[in-house]
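Chains: A, B, C, D and E, in written order; residue numbering restarts at 1 for each.
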Amino acid sequence: MVEAILFVVMGISALAGAVTVVVARNPIYSAMGLLGTLFSVAVLYVVQLAHLVAAVQVIVYAGAVMTLFLFVIMMVGVDKEESRKEELPLQRVMVGALAGVVIVAAGVITVVGDFDWVPAAATTIIEDSTNGTVQAIAEPLFTDWVLAFEATALLLTIAAAGAIVLAQFKRQRS
Amino acid sequence: MTEFLWLVIALPLGGALLLHFFGRYLKGPLSGWLASAAVAASFVIGVVAALPFFQGGEHGVTVLLWEWMPAIGANLELHWDPLAALMTLVVTGVGSLIHIFAIGYMHGDDRFPRFFTYLNLFAASMLTLVLAGNYAMLFLGWELVGLCSYLLIGFWFTKPAPPAAAKKAFIVNRIGDFGFMIGLMLVFTAFGTLSYAGVFERAGQQLTSGTATAIGLLILVGAAGKSAQIPLYVWLPDAMEGPTPVSALIHAATMVTAGVYVIARSAAIYELTPLASTVVATVGALTALWAASIAIAQRDIKRVLAYSTISQLGYMFLAVGATAYVAGIFHLMTHAFFKALLFLGAGSVIHAMGDEQDMHKMGGLRRKMPITAATMGVATLAIAGLPPLAGFWSKDEILASSFARGGWFSFLWIIGLITALLTAFYMSRQWVLVFLGEPRWEESAHPHESPRVMTIPLIVLAILSVVGGLVNTPFRTSLEHFLEPSFELVSLQHPDEGWLMFALLAGLSVLAGLVGVGVGLLTYRRPLERWRGFEETFEPLWGIWEEAYRVDDMYGRVLVAPGKRTAEVAAFDVDARLIDGSVNGIGRLVRSLGQWARPLQTGFVRNYGVLFLGGTLIVVIWLVAGGA
Amino acid sequence: MLTALIVLPVAAAIVVALVPGRRREIHLPLGIALSATPLALAGYLFWVFEPAAAYQQVERAIWYEPWGISWYIGVDGISLPMVVLTALLVPISLAASTSITNRTKEFVVYTLLLEAGLIGAFLALDLFLFFVFFEAILIPMYFIIGIWGGERRIYAAVKFFIYTAFGSALMLAAIIALAASHTAEFGFTSFALTDLVNADLTTGAERWLFAAFAIAFAIKVPLFPFHTWLPDAHVEAPTAGSVLLAAVLLKLGTYGLLRFNLSLFPDASVDAVPIMATLAVIGIIYGAVVAIVQPDLKKLVAYSSVSHLGFIVLGTFALTSGGLQGAVIQNLNHGLTTGALFLLVGMLYDRRHTKRIADFGGLQKVMPILAGFFLFMAFASIGLPGLNGFVGEFLVLIGSFPTLPGFVIAAATGVVLAAIYLLWAYERVFTGVPDKEENSILTDLSPREIGLLAPLAALIVVIGLYPGFLLDRITPSTEAVLDHIVDQTDFVIPEPGRVDDVLVAGDSS
Amino acid sequence: MIVPVDWYMALAAALFLIGALGMLLRRNALVMFMCIELMLNAVNLTLISAGRAMNDINGQVAVFFILVVAAAEVVVGLAIIVAIFRRRTSASVDELSELKG
Amino acid sequence: MIATPEISWIAIAPDLLLALGAAAVLLVDVQWKPPARVLAWVVGVTLVSAIGFAVLQWFQAHDAMAAGDSTTRIAFSGLIVMDGFAVFARLALLAATALGVMAGWRFVVSLGRRGAEALALILLATAGFSLMVASNNLIMLFLGLEVGSIALYVLAGLSRERPESDEAAIKYFLLGSFASAMFVYGVALIYAGTRQFEILEIRGFLGNFIVTEPAVIYIGIGLVIAGLGFKVSAAPFHTWAPDVYQGAPAGLVGYMAAVAKVAGFAAIARVLITALGDLDLTWLPVVAGISALSMLLGSVLALVQGDLRRLLAYSGVAHAGFIMTGVVGGAFDAILFYLAVYAIQLVGSFAVVAVVNGPDGAGSAITDYRGLARRSPMLAASFTVLLLGMGGLPLTSGFIAKFGVFTEAWAGGYQWLVIVAVVASVIAFAFYIRVIVVMYMDESIDQVELSLGPARWVLAVAVGTTIVWGIFPTSLLELAADALPL
């Protein structure tokens, strides 16, 4: 029951946030919308017992990433409001068409074949099996997934080096 | 003896090659003498090789030189039989005389050796034609003759007319050859070989009359081309552009007789198709009359002779068409004598007049050049068919044979008779215009008798023109016996036996001859304006005759011009525009596709996004749809 | 030995390439000298060749086992003449290229590579290998046209390249399909001609593949209506290019039709006879008619090629001994005569720097020798008996008549038309008085140029009078092709009316 | 009561779609970028929900990596945006359309 | 207490070395600010040793395959594999990297201090892609993909002097991330459909069970195809390629394009053929469609380009289509051969561009190549060989490659695709020929002598392999034939 309520509420707020991201004219609002979505999704993680992931989501995303975003937005200029009018001809039409196609397709699928979102779903859900405690996550993370874990190191190195090399150019100029 | 037969061809050919490569090193007339010697030598060989036939009854032999195109039974092989022998002798005999004459005539021409190269080659080609043992090799000689005529007619290539005439001659001949080749194809399909031996012996049992007719008519097309019959005679008058000895060679001894020869040679096939034979005869008769009527009105001394040749060839066709092959060949031989004589005479006149050919500018030459006058006079009487000269016997036999054939042929006989009259008229007209009457030539001209090297051949030919006919008179048909073996497969047409008949027919033709000669003499003896008036009384007919019925213009308008137009359309519209255009069009199409697709790449990343998402959706939907 | 025949030109090319660029004066002589070695080898090959149906001097080396491709070369009566012709014409066309002064080295290299490719294509018995050579030839030819050509050389070169590449692309697909079906049938993949002939295809498949091959070769021949690249290429190409293009390159098409289409797709070939014959005849007449009014001498000769090659195709698809022999020998003949004609046009161009007929006139006066050669070659190409052209055309016509009478009659008109366009051209170019004074100062052929033409002329006469020495070598192979067709299909070669062969044989004895 | 996994999946799909469309609708590089973050979040939600429905913890583990990737992308992406902004003081991608055709 | 994870050093040795090399470059640079050639040495040693280990891997994998045991070839509990396929692709990547560094060396030097980062990024990118080609796990594959891609985004934007570079970077980045999101969502959906991330497990699952409602899996496949199709610039996911190729530094484009193609196609082959082979009836037509579209669109658009880099980009689209025919044919060896050959030719071609238009050249209009044959015959000749090689003319490796994939596609029953392919390759000839025309048949614009620098070696290798493998392809073909995936 609780889960149902939470799902509905958080789902709606997540969607609302997402829509905000898309429609808000000011990047700040978009950022806020994204933030909202992130939080709502985090809650949904918790509902599904993905505690650690939820935590990371809040800390890393809502914390670090969004801060970075906001920082850049400030730097780029808050006042830069994006006018609603679309310069690109047909862009909106095409996007609308695509959205329409997706919705129609979804409709067709739901109507015609009983569409199974998770064909491999287990008949009975054993909550413990996916109880995302630190212990539960860490074990596979550092055994089966250790290489992937290490690979993320590369990713971060690249991010660092990339950021440097891209940002560095002023000195290059002078 | 036959093992030396190849020399008959090889000698003139060798002469040609020799002169071609080393001619320019030979002093003065030497090259001319060499050439003449070569032809004369092959004449001698011919005589020796022909000896067995004089006893008669001797059959032909075939001598294989080497394989050529075995797949179609066409090898280089010589077929030596009386007919071939006779032709060889005519060609080499008359040929050598013409060679000798040419030494004098071409004296001083800067391409003197080259001229004799061609003459020798001409002789060699003609000999190849007559000695061939199969149709393919005959065709070889046939075409080489055409080549030589091309080379010789266009000998004076710096003038505009001769090259054109040469080209015309070759192309018109080609048109004939086209038919001839198809004829040969039919022969091959029917017999699986082209060799005489293979064809004739089996013609009887293996040829349906239909095929025979087709072959006969197609060969006729070829023959009409070579022998200048309707409708392909137009090249011959223009061929006068060549040096006169060439005309003599072409008209008298070699080229034009080929058509007659090939029909005679194919007698075994014509035997099976009366229809084709009749067509041959009809074409011959009509040509005879047609050409004669034109010859009447010509002013150019050589053109008269040209059309008279065509007309005489018509006689020969009439003969072979009437299956009187011997008569045809007989006339071929005699005609060779007096026509060669006429041309050489004309040549001698032209030579003397400084290349003047218009008879209106001549007259009274008999005092200046008696020998020429005398010899040409003989020839004129001979061709006019007055006994006992050669022309009389041969022409009379033709007329008699066709009369004897009866039916349609008696009509042709009448045509022949009329032609005889016309012939006599225009020949005497020519002789009179040239040699009698008042001198009408310009001061510039200083006519004089030609040198001995030119006159001796005239004299020899004159003698031949007188006695030549005696080889085959109704009283002594020795030529017929001689040719017997070559025609044993066919039933020869003979003049009716019996004195009365002979006397009657001969009388008629003699009468025609006499009338013609008489009118000619009486008319043209008189001063210029008088006979001018005579000619004008025939207007407008006379004008049309003089312009040879304007056949050339007609061909030009009906065939040449439209043909050229078609070619231009094909080349510049169809090819350049349509075909090539469409090819390039495809290329352009692809490029324009590219140009058309280019705007997809707008440069706006969000458009790319749309494209991406759209593509993804298509893929996804396709997959789901395909999977379901 | 055959490998050597292919490798020698490559080696020669490398040698020339290694000569430093500044020593420009020795590139051409060196190239000529080196290209004599393949010629010698080809001559030897011709000498040792025994008249027999089978492929000879066969060499086979596995290239890549799993794909079943191999270096599989051999020679038979059909390819032999072409190999010899190639080896003969390369030195000649090189020696005729003294007028090429810029980038001589590259020119020589490309020409030698071209020779290697051509010989390879004629010798290849593995379809993969054949295709490799067939395509590889494009590059050197493309450069020869594109670098040393006339004003519109690039257009011509690109057109030539793309057009041909398009054809061969289709052929590639067909080759793949053929090999695939062979794999499906016999369990092992092979591209060897000798294997693929055994693959039996469904009628539909066979026809498609035939079409693919036929189009590729029809473009190469070129057969109407795929011919329009040819005049452009010829007009723009330098002399040597034109010579090799006309004399050898085009023959890849006719050769391919004869070698691959007939033997690989017998049924389809028999069914396709009407189509191919029609195209051939159209080509003969059309090419000739178009040639008549060409203002450009080279273009005229080019269109005459279109016309002449029609005879070869006609003979090929007549499916008779005469026709096939004629086709093969005409391959050679056309190479000699047209090659010589292009040489002559080139020599004219070197002197007068124009190819437009209207610019000439009365040249026989100033250059009798050239005129003589031109007339000689013209008559050879007209098909004058006693010269080689006649042997080919006559064999084709007479040989094809039993099977395709209608077509042959139409084709025979080409013989008349040939006389018209060539003699008219001769009249306009060489006869009359040299009125233009730039014409009257031209010099006649040099001994070198005569030396180039003389061997061709000699061959023309020899083949014209004694083709036996070729036919003996050709016939077994052509007969083999016929036999193959006959026992693969229900086609019967009409035996032209023979009561008994004794008589036919009897003639010559 | 347990919410059926399909709902979660559908929600995720909706988020993903919104993100994707937003990516195409906005011309501000930053916002486009946020949309990508939205999409990645949707992916995470999918993984977790599906994992739970299949009793498989790996779904959650995978989420970690995606988070890292997202973070790294953010860093680099923002660096690029900043760099561009320095040159042309605008974050509108529509102005970057020199390269086309 | 967590069990110690299973570690197989050899399986990751090359990647590890690359990472270490990258780190070394950065540290050395920070510490001593050495001249460029020192870095060159570091990079050189790194690459050589990496290649050495890759070769070692090759033999191990080969022995393992011969021995028929799969365990030694599966490492890190199934995250990555060390099968022949992976190692071959890895070797191709390393070769492309080595050549790419040489080709781009001038540019790296021109970056001055930032050169070190550039080199580090190159090495890291290669490391990422090399993990990607070995990944047996979709998440791992995604990580490798991202490692490589992100590095490439940065590299694309490296030349700060030119605005085009910015544009290239941002376009590449935005679209790339978009594509990655698509890809990973597809992975998630496949996971939802099979409960597996591991490729071999997925194959097993699909082999053993019939999924009653597989729609979600198909959606996943579609998204995965889209994501990877983006990386290999297959139509309609190619739109970034021309702009990026044109905007990114000339010195590096060759490398960027090559590694992305190799890794992307290795992944496509693994995911589609190995993991989803049992569903091929569904995805084959789609992939065939993409292939055909890529070939036609690519060649047609390349035909009308005025800029050489865009031309090469679109030709790259066409090549993506050609390689796709190999995927349709389901032939790993044909794909690998094509990839190896094409990667090298690509790097070589862009090396030429870098020489002619300068390492950070602004434009590369085809007209700049007028009379190149006169200015620098060797350069023109090598470029000609490479162009013809990419065009697929016989006697070049490109022909063997094309022939291989076409044959497989034909045998696979996709005859129509082969027909399209041959037609497209004719169009391809048309635009490659155009460049050759310009180089050989137009007159030179300026006679400035061009110095090749290290690009000399790149061209030597590229031309050499193009010709040698064109005439004696057996060696490489046999290697590719042995390079089978698990």
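Keep in mind that, in the parts below, a contact is a pair of C-beta atoms (placed from the backbone, for glycine too) under 8 Å apart; a residue touches a chain by one contact, two chains touch by 3 or more.
These figures come from a predicted structure and were not determined experimentally.
Chains that count as touching both subunit A and subunit B, per the definition above, are D, E. Shared contact partners of subunit D and subunit E comprise A, B.
The central chain here, found by comparing per-chain C-alpha centres with the mean of all protein C-alpha atoms, is C.
By number of C-beta pairs in contact, C-E leads over the other of C-E and B-D. Placing every chain at the mean of its C-alpha atoms, the farthest one from subunit B is found to be A. Rounded to whole angstrom units, the spacing between the C-alpha centres of subunit A and subunit E is 30. Measuring from the averaged C-alpha position of subunit B to that of subunit E gives a distance of 79 Å. Between subunit A and subunit D the centroid-to-centroid distance comes to 5 Å (mean Cα coordinates, whole Å). Inter-chain centre distance (subunit C to subunit D, centres taken as mean C-alpha positions): 65 Å. Among the residues of subunit D, those in touch with two or more other chains are 9, 19-20, 23-25, 27, 32, 50-51, 53-54, 56, 58-59, 65, 69, 72, 76, 79-81, 83, 93-94, 96-101. Residue numbers of subunit A whose C-beta contacts span two or more other chains: 88, 91, 94-95, 98, 102, 109, 113, 117-118, 120, 145, 148, 152, 155, 158-159, 162, 166, 169.
Residue positions of subunit E touching 2 or more other chains: 139, 143, 146, 150, 153-154, 157, 160, 170-171, 174, 178, 182, 192, 195, 214-215, 217, 242-243, 430. Checking each pair of chains for touch leaves A-B, A-D, A-E, B-C, B-D, B-E, C-E, D-E. Those residues of subunit B that touch subunit A in the shared complex are 602, 604, 606-607, 610, 613-614, 617, 621, 624, 628. Interface residues of subunit E facing subunit A in the complex, by the touch rule stated above, are 2-7, 12, 19, 22-23, 26, 75-80, 111-114, 117-118, 120-121, 124-125, 127-128, 131, 137, 139-140, 143-144, 146-147, 150-151, 153-154, 157-158, 160, 192-195, 205, 211-217. Those residues of subunit B that touch subunit E in the shared complex are 587, 590-591, 593-595, 597-598, 600-601, 603, 605, 607-609, 611-612, 614-616, 618-620, 622-624, 626-628.
For subunit D in complex with subunit A, the residues that touch the partner chain are 1-3, 5-11, 13-15, 17-19, 21-22, 24-28, 30-31, 34-35, 37-38, 41, 44-45, 48-61, 63-65, 67-72, 74-76, 78-83, 85-86, 90-92, 94.
Residues 598-599, 601-606, 609-610, 613 of subunit B are the ones touching subunit D in the complex.
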